[in-house]
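One chain, chain A, appears in both complexes that follow, with chain B as partner in the first and chain C in the second.
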Partner chain A sequence: MPEQNKSKIALWWRNLNVKHSLGLSLILLVLTTVLYFALQPNLFKSGTVSHLLTSNFRTWLPVILVTVGQAIVILGGGLDLSNGAIVSVGNVILALTVTTVDEPGKNILMVLVVIAFGIAAGFLNGFFTAYLGLQPVIITFASSFVYSGLALLLLPSPGGNIPREYTTFYRSTQFLGIPLALIVIVLIALIWTFFRRRKYGQFLFAVGGNDKAAYTTGVPVTWVKISTYVISGFLASLAAISYTLLTGSGLSSSGDDMTLASVTGAVLGGISMSGGAGSVLGAIFGGIVLGNIRNIISTLKLNSWWRTLVNALLIVLVLAGPGLINLLRRKKK
Partner chain B sequence: MNDTNIQNKKRFTISPPVTALIIALVLFLLSGLLPNGFNDWASALRQAMNILRLASFIAIIGAGQTLVIISGGEGIDLSAGSLVSVGALITYILINGNNNLILPVLLLVLLTGAFVGLLNGLGIMHLKISPFVMTLGMSGVVQGTVILLTKGYYDGKVAPIMTQIIARDLVPGIPGMIFVWIIIGILMTLLLERTRYGKELFAIGVNRVTARLSGVRVTRMVVLTYVIAGALAAFAGFLLVGYTQNAGPNLGNQYLFPSIIAVAIGGTQMSGGKGSYFGTIAGAIVIQLITSLLTTMQLPQALQQIIFGSLLLGILVVYGRDKSLRA
Partner chain C sequence: MKSIVLCTENIEKRFGGVIALKDGSIEIRPGEVLALVGSNGSGKSTLTKVITGVLSSDGGTITYHDKPVSYSNPMAAQRAGIMAVYQELSLIPSLTVAQNIWLANEPKTRFGSIDSKTMNAETAKLLTLFEGTFQPSLHPEAYVRDLPLDERQIVEILKAYSRKPEVLILDEATASLDSKQVNCLFDLIQLLKSEDKGLVFVSHRMDEIFRIADRAVILRNGKTVGEVLIADSNEDEIVHLMVGSNVGLTRELGGRMTFSAQESVLIVEDLENEQLNGVSFNIKQGELVGIGGLRGQGQSSLLHTLFGNSHYTGKITLFDETLSFDHPKEAIEHGVALIPGDRATEGLLLLRSIFENFHLPNWAKYCRPLLKMKSAHSDAEEMGKQLNLIMESLDAPVSSLSGGNAQKVVIGKWLLREPKLLLLDDPTKGVDVGTKSEFYKLLVKLQENGTTILFYSSDEQELLDLCERVLVMQDGKVKADLSGDNLTEANLVFHSMGATNNNNHHEESTHA
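Presenting the complex of A and B:
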C-alpha cells in the first residue's frame, strides 16, 4: 500500500513537471518563501503573517499581472516588450484625471478608458506581429517607444494625486483575512484553469508549439496570436490601475522596469521562451518568487550604490538559468 | 495570394539607401524654409556639416548594430547605449586632459566594449537567451556597474588633441569627425563586402543551418559579431565625449533607439541576412535631420519618441515583410 502511495505521489509530481512544467517554480516558491519568512524577526507575533501577506501582495500585484500577460504571449510563441509602457500610459491617465471622490462616474469612465487603451494597444501589437507577420520583439520594442512617448507627453514631470479613499481601499481591503490583491490573483488563476482545458487553451499551446502545424489542422493562428497580445495589454492596464492605487501618484516611466521583470517572472515560472510550454500558474508563482527574492535582497541592507547592479545581475542570472541547466545536462552526457 | 503576380511584374524600385538619401535631401531643403533656416550657400553648407557631424555619432553606434542585425537570429544590441556611456566615462575620467594617455585609454575602452559584447554573445549562443532580453539585461548590469564604481561622482577632462580632431574643423569648413566617419565607413564597407567575415556574416543571417552545413562556424561568428559591436559602441562613446566635452552615466541612452532606426531606414533587414553600412549612413542622416527639425520647431522630447517609434513601425511594415510567414 505505501509503495502504491509513493508511486502515486511520484506520478503526480511527474505530471506536474511534464504536463504543466510547474515543478521547479513550486520548489523555488517554497524555498524563497521559507527563506523570506525565516528572515522576518517578528514572525510569531500575532498579525505579522497577515500583515506581511497584505503588504507584499499589494506591492507585487502589478508585476504579477504583467507577468501573467507576458506568459500568455510567450506561450503563444511571441514576446511583448511594450507591456511596461502600457502600464506607464495607464498610470499617467489615472493620475491626471482621478483627483476627487466626488465624481465617481468620471472616475469609473477613466478606469474604462485605461482598460480600453490597454486592449487597443495590445491589439495594435497583435495586428503588426500576427496579421502582418512581423517579428514580435522588434515590433513591440518600437511600439513601446510610441506608448512611453505618449506617457511622457501627457505627464512630463511626476505628479497627480489619487484620493486617499481609493488607495486605502486597495491597500487594506480584506475578505475573510485574504487581501484584495491575493483575491485578484486567485481569480486570474481560476479563469486560466477554466480556459486551459477548453478550446482556447488547446489552440494557444498548439500555436505556440508549432504554428504551421496548428494552421494546417485548422486553428485560427492569427486570431489566437492577436488575442495573446490583447490579453497582455488588458492585464497591463489592470496592472496600471493597481500600481496607481498602490503609489497614489503618476510617473511617466512607472512601467519601465516591469517589461524585463515580466520576462524574468515568466522564466522563473517555468515558461519556455520558445513558446508552447508552461503554465500561467507557473507565471504567477514566478512573479511571487521574483518578489520574494527582491524582498530577501532588501533585508540584506545593501548599500544603495549596489542596488541597480544586484537587480540587473539577478535578472540576467535568472534568464541564464534554463540555458545553464541545459548546458550542464549536456556535459553530463 | 497574388504574390506570384507581383513577382512577375517588373516593378520600378529604388534601393532603400538611395530612398533614404532622397528623403534626407528633401528634409534638408525643407529645414531651409523654416524661419531660422539658412538663406545663402555658406550657411546652408555650415548647417549641412553640422548635421553630418551629429549624424556621425548615430552612424558609428549604428555600425555595430548593423553587423549584429545582419547576423540574424533576431539579433540586436540594446546594450549599445550604456556602452557608449561607459566608453565616454572611461575616457573622460582616465584621460583627464593628458594627451599621452589617449592610446592606452582608447585600448581600454575598446576592450571594455569587447568584453561586454563577449558576454552578450556567449549568453545568446550558449545559454540560448533571446538577444533582445540578453542585451537589455546586460545594459542594466553595465549601468549598475557604472553607478557602483563612480558612486554618482565623476570628474575629468578630455585630452586637447581629441578636442582638436573631433570637435574642431580639421580642414576649414569640415569638422575632423567627418574624416573619422569616412574612414570607419570605408572600413565597414570593406569588412562587409570584401572579407570572408562579411560573406559568412550574410550567410548566417540568411539561414544558420545552411551556413553551418557549408562550413561556417556559426557560434564563433555570432559571438565575434557581438564583440565587434560592443567595441564599436564603446569607441563611439570615446568619440562622443570628444565632441560633448563632458560625460555622464546616461550620455549614450539617447543614441540607442536612433541607431536602431538608422539601420532599419537604411534597408538592413531586421530579420537579418541583408543590409549595408551605406544604408545605415543614409539612415543616420535622415534621423539626425528629423531630430534637428523637431528641435528647431521646439516640439517636446516625448513627441520625438512617438515619431521615432511610429517611423520604425512604418519601416518594418514597408521593408520587413519579405521573410514573413503568413499563416
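Presenting the complex of A and C:
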C-alpha cells in the first residue's frame, strides 16, 4: 500500500512540475517561510502569526501584482521593464490629487485615471513591440524612462498626503478574518484560473511557445501579445493604488525597484524566460518568496542593499541553473 | 471533368528582388488528389503558402467556390475551409498533443471553458487513424517537445484533418514518415477523397506521387509548365517537364580533366550523425565534385562535419591523415575552408570594412610581432582585383556591397589562406547571373591551381555546368555518384526524387 501511495505522490509532484512548473516555487515558498518564522522571537505568542499574515500581505501586494503582470508578459514571449515606472506615475498622481475624503467622486475619478494610464501605457508598449515588431527589452526599457520622467515632472520632491481614512481602510479591512490584500491576491488567482481554461489562456501559451506556429494555426498573435502588456500595465496601476494606500504618500521613484523584483518573482515562480511555460500561481508564490526574503533581511538587521543584491543573485542563479546543470552533465560524459 | 473547387491563376510572389513564383496556376477538384511537382526552388511551397494566406501574393487570382478570394492571414483561409500540413511544422513544443491539435479550434463546455476531456478523447480517436505506427509515448497529453519528428508530423496531419477542411494541402507531409505511417496517411487521403474534398499533395517522391495522385501539375522556375493525368503518364514524362528543354543534354566533356590516375586526397567512410546515415566517398586531388539532391538531405551537415563543426562517427582521411576535428580551428589549420550558405549570418561582419573581413581568419600571418598593415593591405587589394570585386574602397563596410560582391568577400577571405580543400555550401543562393559566371571562372581557376573543391548547390544547372562528378544525396546518404555520360540533368533529378525504375538513362548507383 505505501508503495502505491508513494507513486501517487510522485505522479502528483511530476504533474505539478511538468504541467504547471510549480515545483521550484513551492519549495522556495516553504523554505523561506519556515526560515522567516524561525527567526521570529515571539512566534509562539498568541496573535503573532495572524499579525504577520495581515501586515505582510498588505506590504507584499504591490510587488505581487506587478509580478503577476510581468509573468503574463513573459508567458506571451515578451518582457516589460516599464511596470515599475508605471507604478511610480500612478503613485504620484494619487498622492497629488487624493488629499481629502470630502470629494469621494473626484477621488474615484482619479483612481480611474490611474487605471486608464496603466492600460494606455501598457497598450503603447504592446503596440511598439507586438505590432511594429520591435525588441521588447529596448522598447519597455526606453518607455520606462518616459514614465519615470513623467512621475518626476509631476512630483519633483516626495510629498502628498493620502487621507488617513483611506490608509486605515487598506490596513484594517478584513472579510471573514481574511485581510483585504490577501482577498485581492486570491481574486487574481481565481481570475487567472478562469482565463487559463479558456481560449485566451490557450492562445497565451501558444504565442509564447512558438509565435510563428501559432500564427499559421490561426491564433491572433499580435492581439494576444498586445493584451499581455495591457494586463501588465493594468496590474501595475493596481499596484500603484495599493502602494499609495500602504505608504500614504507619493515618491517619484516609488516603483523603481519593482521592475527587477517583478522579473525575479516571475522567474522564481517557474515562469520560463523564453515564454510559453509556467503558471501565474507560481508567480504569486514567487512574489511571496521575495517578500519573505525582504523580511528575513530586515529581521537579520542587514543593510537594505542586501535585498537588491540577493534579488539579482537569485535571478542569475535561477536563470543559469539549467545551463549549469547541463554543463556539469556534459563534463561528466 | 469534375467541377473545380479552388483554382489559382498566374500567381506571382517576390521576396525582395528574388522572384519565387511567376505564374502559379493550379486547379483543385473535389474528390481528387493533385500532385504539385517541381525541383528545388520551383515555387511549390510558395504557391501553397499563398493559397493558405501565410504569404500574400504580388499578382494573380485565387478563385474558391467560383468566387475570387484573397486571404490576408491563415485564420481567414482556415475559416473558409482551406488547411495545410506544413513542411516546417506549425506545432508548439510546449503544448500537449491535444492542445496543439485543437489550438484555435477548442471544444467548449457549457460554461465556455475549454473542454479538456472531450479534447483528449477526440484526440485519442484521431490517433487511432495511425494506430500501431507510433510509440506509446504519443498520447493526447504528451508534450510535443518530447516527440520524435515522425510523430510530430502525425500530430500535424491530424491537426489539419481535425478541422474538417474542404481543401487540404499536404506539403512534404511524408518526408519524415516511415512506410507504415505513409500507408496510414494514404488511407486517410482516400477517405477524404471519398468525401469529395480537394487535396493537394506536394512531394519529392515519385513512387508516392504515382501511388496516390490523380493528376500532377509541374512547376519549373516559379511557372506552371504542364499538367498530366497520372494514369496516362510515367516518371520520365514528369522528369522531362521538371527539367525543361535541356533534358538529356550531356555536358560537354572537352577540357574536362580525368582523375583516374590520381590519388584520393579525401576519403570519407561511413560518416554518421543526426543528419547523415553512412556517407562514403572519395575525392581526388584537384577534383571539383558537386553535391546535389533535394534541399535538406544532409548536404550542409556533411560539409559542416568535414569542417569539424559537428560530431560524427566514421572515418575521414584527408591527405593521408586520419582526422578527428573537434573544432573548425583544427580544420582550418589543415587547409580546409568552408564557405557558408548564409553569408549574412555565417560569413560576414556586415558593418565592418571589406579589408577587415578579408583578413579575419588571416591575421596570424601578418603578426610578427606587430601587424604588418602594409603587406596586409596589398594582399587584400590583390585579392580584390583577382575577384573582380566592385567596391568603393577596401575600407567601405561590407553592407555597402551587392549580394554577389559580398559573397566574393566571403570566398576571398578563405582564398587568402590558400586552402587545399574548399567546401562550398550553396554559395550562389540569391546571387545574380553575372556574378555567378565570374564565380564559376574563379572556381575553375582554383581547380587548375590544384585546389580540391566540394561544392553543394541546390541549383542543378550549376552542378552540371561546373562539376566533373556529382554526388546525389537523399536521406543522409549518397544515393548516386554521377560522372561522365551519366551526369545529365535528367539523371540528377531522377536520383534526387528517389525514382528507381529508370530505363532510359544509363546510371550507376553506388548506394541501393
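For this structure, a couple of remarks:
The rule is short, and it goes like this: the second predicted complex is superposed on the first by the 300 of 333 C-alpha atoms of A that agree within 3 Å, B and C clash if a C-alpha of one lies under 4 Å from a C-alpha of the other, contacts with A are read in each partner's own complex, and residues count from 1 in each chain.
Here, a residue touches a chain if its C-beta (ideal position, glycine included) is under 8 Å from a C-beta of that chain, and two chains touch if they have at least 3 such contacts.
In this text the structure is predicted, and so the values were computed from the model without any measurement.
By the touch criterion defined above, A:Tyr215 lies against chain B and chain C together after alignment on the C-alpha atoms of chain A. Judged by the number of chain A residues each one touches, B leads among chain B and chain C.
In the superposed model, A:Thr308 lies in contact with chain B only, and not with chain C. Look at A:Ala261: by the touch rule set out above, it reaches neither chain B nor chain C. Of the two partner chains, chain C is the only one touched by A:Ala277; chain B is not. Contacts of A:Phe203 after superposition: chain C is touched, whereas chain B is not reached.
Of the two partner chains placed by the overlay, only chain B lies in contact with A:Leu152; chain C stays clear of it.
Shared-chain residue A:Val73: touches no atom of chain B or chain C. For the contact definition in use here, the residues of chain A common to its chain B contact set and its chain C contact set are 212, 215.
Of all residues in chain A, only 18, 194, 197-199, 201-203, 205-206, 208-210, 212-220, 276-277 touch chain C in the complex they form. Every residue of chain B that touches chain A in the complex is listed here, in rising order: 74, 76, 123, 126-130, 132-134, 136-138, 140-141, 143-145, 147-148, 151-152, 257, 270-271, 300-310, 312-313, 316-317, 320-321, 324-327.
Listing the residues of chain C that touch chain A in their complex gives 52, 54, 73-75, 78-79, 86, 89-95, 99, 103-106, 112-114, 143, 159. Chain A contributes residues 79, 81, 128, 132-135, 137-139, 141-153, 156, 211-212, 215, 221-222, 252, 260, 263, 273, 305-313, 315-316, 319-320, 322-324, 326-327 to its touches with chain B in the complex.
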